[in-house]
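Look at the two complexes coming up: chain A is in both, with chain B in one and chain C in the other.
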Partner chain A sequence: MTSTTTDIRSFGAGGFRSWLERYPFLPALVIIVALLALNGIFSPNSLSFRSLTGLFSTYLALVMLAIAQTYVVSAGDIDLSAGATLSLVNVAIVVLMERWGGGAGAVLLALALGVLIGLACGLVNGLVVAALRLQAIVATFATSIFFTGLALYVMPVAGTPAPALFWRTYGGRLLGVPFVFYALTALAVLLFLLSRTRIVTELLAVGDDQQAAYQTGLPVVAVRIKGYLLCGLFSALAAFCLTGDTASGDPLVGGKMTLYSVAAVVLGGSALAGGWTTVVGSILGALTIGLVNSLVFFMGTPSEWQNFVQGLAILLVLMAGVLAGRRAHA
Partner chain B sequence: MTAITTFFKQPLVVALILIVVLLVLGESLSPGFASADQILRLLIVASLLGIVAAGQNVVILGGREGIDLSVGGVVSLSAIIAGNVMNGADGGILPAVLACLAAGAFFGLLNGLGVTLLRIPPLVMTLGMLGVLQGLLVVIRQGIPSGRAAPGLSAFVTQPLLLGIPGIIWLWIAIGLFMALMLNRTVFGHRIYAIGSNEHAAYMAGVPVRLMRIGLFMISGMFAAIAGLCLLGYSGSSFANVGEQYMLSSIIAVVFGGTSLAGGKGGYTGTMAGALLLVILQGILTTVNIDESGRQMVFGATLLFLMLFYGRGRAMRA
Partner chain C sequence: MSKLRLNGVSKAYGATLALRRGDLEVAAGEVHVLMGSNGSGKSTLCKIIAGSVRPDAGQILINDKPVTISGPQAARVAGIGVFYQELSLANRRSVEENICLSALPVKAGLFIDRQALKARAARYIALFSQVAGEGFHAQALVGNLRADQRQLVEIMKALASEAPILIFDEPTSALDRAQVDRFFEILRGLKAQGRGIIFISHRMDEITAIGDRVTIIRDGETIETLKLSDIDPATVIRLMVGGASDMPAARSAAPAVVETQAKAAISVRNLSGKGFRDVSFEVAHGEILGLGGLHGQGQSALLRAIFGANPVTSGAVTIGGERYDAKSPRDAIRRGCAYVSGDRGRDGVIRGRPIIENVTPIHYLRDRLMIARPSRLRNKAMPALEAMHTKFASLFHPINSLSGGNQQKVIIARWLIDRPDVLLLDDPTKGIDLSAKADLFALIRQLAAEGLGILLYSSEDAELLGNANRILVFNGGSVTRELTGDDRTRYNLYQAAYEAA
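The block that comes next holds the complex of A and B.
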């Protein structure tokens, strides 16, 4: 029955709307193509394979963090501690890799532990928000302070370098192909597998109408906790990418990235109220932020104006994203 | 018995009890913490936060996920503007106040227009605005020096004015009275609660919802601007991102004051207590001798613990 009404509605509103309804990230895609074109005009070199690889390796961390944020936003929650989780995992793996000698075994073991730390942070958030029923914005802000404290305990000042093996692999090539592309492929497979599970649908159901989800028998608290666990997992993966890119530990590195991850989710056409999100959109949203930043640079903006122009451009694309997204599900 | 339990469940009562507990704890950890001088200093710091939180409070009360993440940016910007306009001269205080209020109202207006006309969610709109403000701060800092506070302003914030109490604390008390009167006794105040609890019903009853919401964001911008000006008086000169700390702490002060983030419920008296509570907690953590990491961990954990006393969501029921 529902599908019939949807069909009639989309028929009446024309093809554009039904497309938007199915692919809410289309506006972000259009913006990205436009940004790529502009980048190409201002600096033809920026579209070379080499530059694009660089763009990916720099912004893969933000992409991961945006994906992390997507899962909690799906359920109508938010995680202001994602950046702090990233910082904590970043300093923890750098310290552990160094302590264990920096060999291949040490790196793998540290990464495994990093995943566990990310999951633990997610679990803490899930427990305080879903089980203790604290308001997500303020509760995850409080946990972010706690996680930052932990990160400072692990590494009081920034600067400890990551072992060469780790960042050389991340920034290097394997069989002639840059390593980032293997990471992207692995990410695509992971996201595909996740999309085959029930968890994403359950998160969206909870985000759409918590009461209805509860009444249809969904364990709402458990589902929301799972959302935060996924968020912690991807925040840890984000930390791996960031460590590969910066090749060092910094206990405060993720602080500024939290709000960007929220912006990326919105840019991707997702609704912050929950129930309407796409991971693809968030990925495109994160890349949009990256492309805006590189465009501002390539346009030859004076350095003191760069932050302002970036801020203004991001505000404008945020508005565009929200306006287009609303057209889709109004 | 029920009367007693209801009394102790009121956010204001909870906050006041916690304040007393923290003061006693602070005094026992480091004697002299709760001396009159120290309490005055804590009150000065709390009034800065409290003034920002007044604006945050009305935006949150107005509902529809109302929140203002740009207050920190406005505080920093206002401190720079004030420093440059007065530049160490008492004669420049009045022009500085006007310039700061104008700037705060302007950015509040932009927020309000984005939220109402374009219907951008407040979190997104004010987050974007924060990015713009931070960029603007970088531009301004490249071009001009940060400026100095006028001696009159510094004295107003740090020196006793009346009955041994500094002017800024009197200002905060006045703002508290003003807010209480506005929220409880004026049509405007009642309309804030109306749009916060049911926007549609308020609209049907003839409340100019959009104008109201724009007004709330402008009020928030202007309170943040006043706080920025006073902050300049407190520190003497402004420095980079001096206001950043106020973004989330103003929201926490509002929550600790018992105002629901869903809007339509709460008031400013509780927020004042909430701001004081937050500042005392930070004060204790700076006096005890632990390093930065431990301080942050204790601060975060205590915030979580204190939140358990306030407005937890309802358990799901079929």
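The block that comes next holds the complex of A and C.
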């Protein structure tokens, strides 16, 4: 990055603001550190390498789904069917792997097909929202019901186990390092490459001001469809992580994750109105939700109070982020 | 050879003809100025060339070959670069990204070529490096820049298209002298390269400085194309105004100047705020004070500030002899101030709700109504609506079922249930038909006769000349001239409006 003299000067004047402009996920990072510390206080064991590996392998699915959501939010859209897409891919790959015998070839082939299913769901959403110009929030709510219906057709009842080869690999180690960290590294590389693509800049330009982007000559409809395709792709990847973690198929598993993914995007410092998003923030937002959940558990909250405390904690975190943002824009 | 030629291009929105007949010919190596008053069809003409509006009829030729421009993308391919008056920038992207946005340089067909992007943007940023001002650099977010700097980015973006035909729709409205001079130097360079340039500006001095030929457009029709070196500004204004320019317009209709009564309905002392500065005037009971001038010279900003919708930085407003500082519209309404905006969708209409709910919100506020019986409300709403000759099937139909003119009547009627003392009209007839306009002005005059103080801003000069007792002409946010009595002529109004700021 080239840092000019003007940059350095602006650090002196509105230091916090320019920092936040460059790294909008800073508040989320501070919150993560605070949550980790709190987790450590209540249960020192929760900061061990093993526990953290567990945290990652459990919440990698939500991380992926939050990333998926980020790309549509960039363009000012939203996808309420991301969780249903995840469910559909989850049950489809589990059924296919089982039907094809559960060998290495079957697993890889099923995963490839899973990616295609995710992309197909994204394409449907993109066509409905961008080409037919239906309201994103309602249209994707409708497609979510549709995708859930398909998932229920593929697997009417939850519980079909995934082949051992698949979940053992996901939960196991490779050359002494947990597989999750390979997945995280691959994800980091993928996100880095994506951030340099033309489509991401175009998505953000469309989300910033759709009319301006149209007048600039950007293919607005195509750009928004591509956003939904990216969303479908990452929803499929989220399904792989979830399948690896739960080791079974469940046609309704993703439903409640959709709004968590939206919450993660906002917690990470992205603007839901579009044009201002950060995938790093969304990752941190998803991990925040994970850490809140584990904190509620480690604090020894009685089970009937867990939802209450969880909701309260997420509200508090959201408020902290908003306050930081408001100070920066004041 | 002509770079661009339009033959009989027209465009209608519903029943209103935005452009009746547009003929235009731009030669290679010329700056062709488009001139016309507000709403004469300049912008429609530009948008047709830019591809964001599709013409109903007519022909567009580029280099003497007929083309169809199906959208902004097609226009870019056809070699047309546009500076949009309302700017087409992404506020949260950097300056360099905005400059290159229409054609981002890529490598491997996928990744943005940062080096190429930086190099390309730097070329255009360097053009203005002397005049861009503090804080302007390639990585700055456009949203953090000043208005003039944003306008420079839009200019750079248009230049970066390297299109043989360039359209600049009011590119200099926020620029200072040095920036304009630099921009004109660049334009002269482009002329020498043989580009065809369409230029719109309301500053007469700029037009004579840079223009080669001028096409006058009036009431949606291109009237005449002239060489600028052959004519003087007065001729241009006379052509824009049309035949009857020297006649005091509609004098028989305009009421005489009202004698100032002991107590003014509203008086404004040295008021400054965002978009206007140091404005002072008094409006007597029964007087209609017109605010004239080109669009966006501070008239709306002033009215909104008086109504408490925009902040005031200094100065004072007195209503009925009492100091009045509205901090919010709610406050202003309680003190007897009414505001009707031409932008119904933004400021007036409660969409999808019944007419009765759209007539009564002010009544609720002023009478502190908590619970209301429909029959009682009906008795209050009906006379107000009838005074306006509003046509509607039932009070319980949604307001969207009405035409634009009738919607506006409903909005005005909401202020009539409880009489205000001061009525602020912010271009109230925008987009409504002629008969509704006539009803509206009949009512406004009646209200004035009943003793209201009325402030009227209109983008149509005929409305001001026909109704206002006095006219304050705004230019660049302050009042530059006051027209009273026999001075209220079309010619004087134009001349004052087009004077260099």
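In this text, the second predicted complex is superposed on the first by the 312 of 330 C-alpha atoms of A that agree within 3 Å, B and C clash if a C-alpha of one lies under 4 Å from a C-alpha of the other, contacts with A are read in each partner's own complex, and residues count from 1 in each chain.
In the analysis below, a residue touches a chain if its C-beta (ideal position, glycine included) is under 8 Å from a C-beta of that chain, and two chains touch if they have at least 3 such contacts.
Keep in mind the model is a prediction, meaning the values are calculated, not measured.
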Superposed partners chain B and chain C on chain A - clash or fit: clash
Partner chain(s) touched by A:R196 [first = chain B, second = chain C, both, neither]: second
Which superposed partner A:I145 touches (first chain B, second chain C, both, neither): first
If touched residues of chain A are counted for chain B and for chain C, the larger one: B
Partner chain(s) touched by A:Q215 [first = chain B, second = chain C, both, neither]: both
Chain B versus chain C as contact partner of A:L252, first or second or both or neither: neither
Contacts of A:W276 with chain B and chain C, given as first, second, both or neither: second
Partner chain in contact with A:L184 - chain B first, chain C second, else both or neither: neither
Residue range of chain B overlapping chain C upon superposition on chain A, of 184-192, 220-228 or 292-300: 184-192
Chain C-contacting residues of chain A that also contact chain B: 211, 214-215
Sites on chain B touched by chain A in the complex: 65, 67, 69, 114, 118-121, 123-125, 127-136, 138-139, 141-143, 248, 251-252, 255, 261, 291-301, 303-304, 307-308, 311-318
Parts of chain A lying in touch with chain C, wherever the complex brings them together: 2, 4, 6-7, 10, 21, 193, 196-198, 201-202, 204-205, 208-209, 211-219, 275-276
Footprint of chain A on chain C - complex, ascending: 50, 52, 71-73, 75-76, 82, 84, 87-93, 97, 101-102, 104, 106, 110-112, 114, 118, 135, 137-141, 144, 157
Residues on chain A engaged by chain B in the complex (per definition of touch): 80, 128, 132-135, 137-139, 141-153, 156, 210-211, 214-215, 220-221, 259, 262-263, 266, 272-273, 304-312, 314-315, 318-319, 322-323, 326
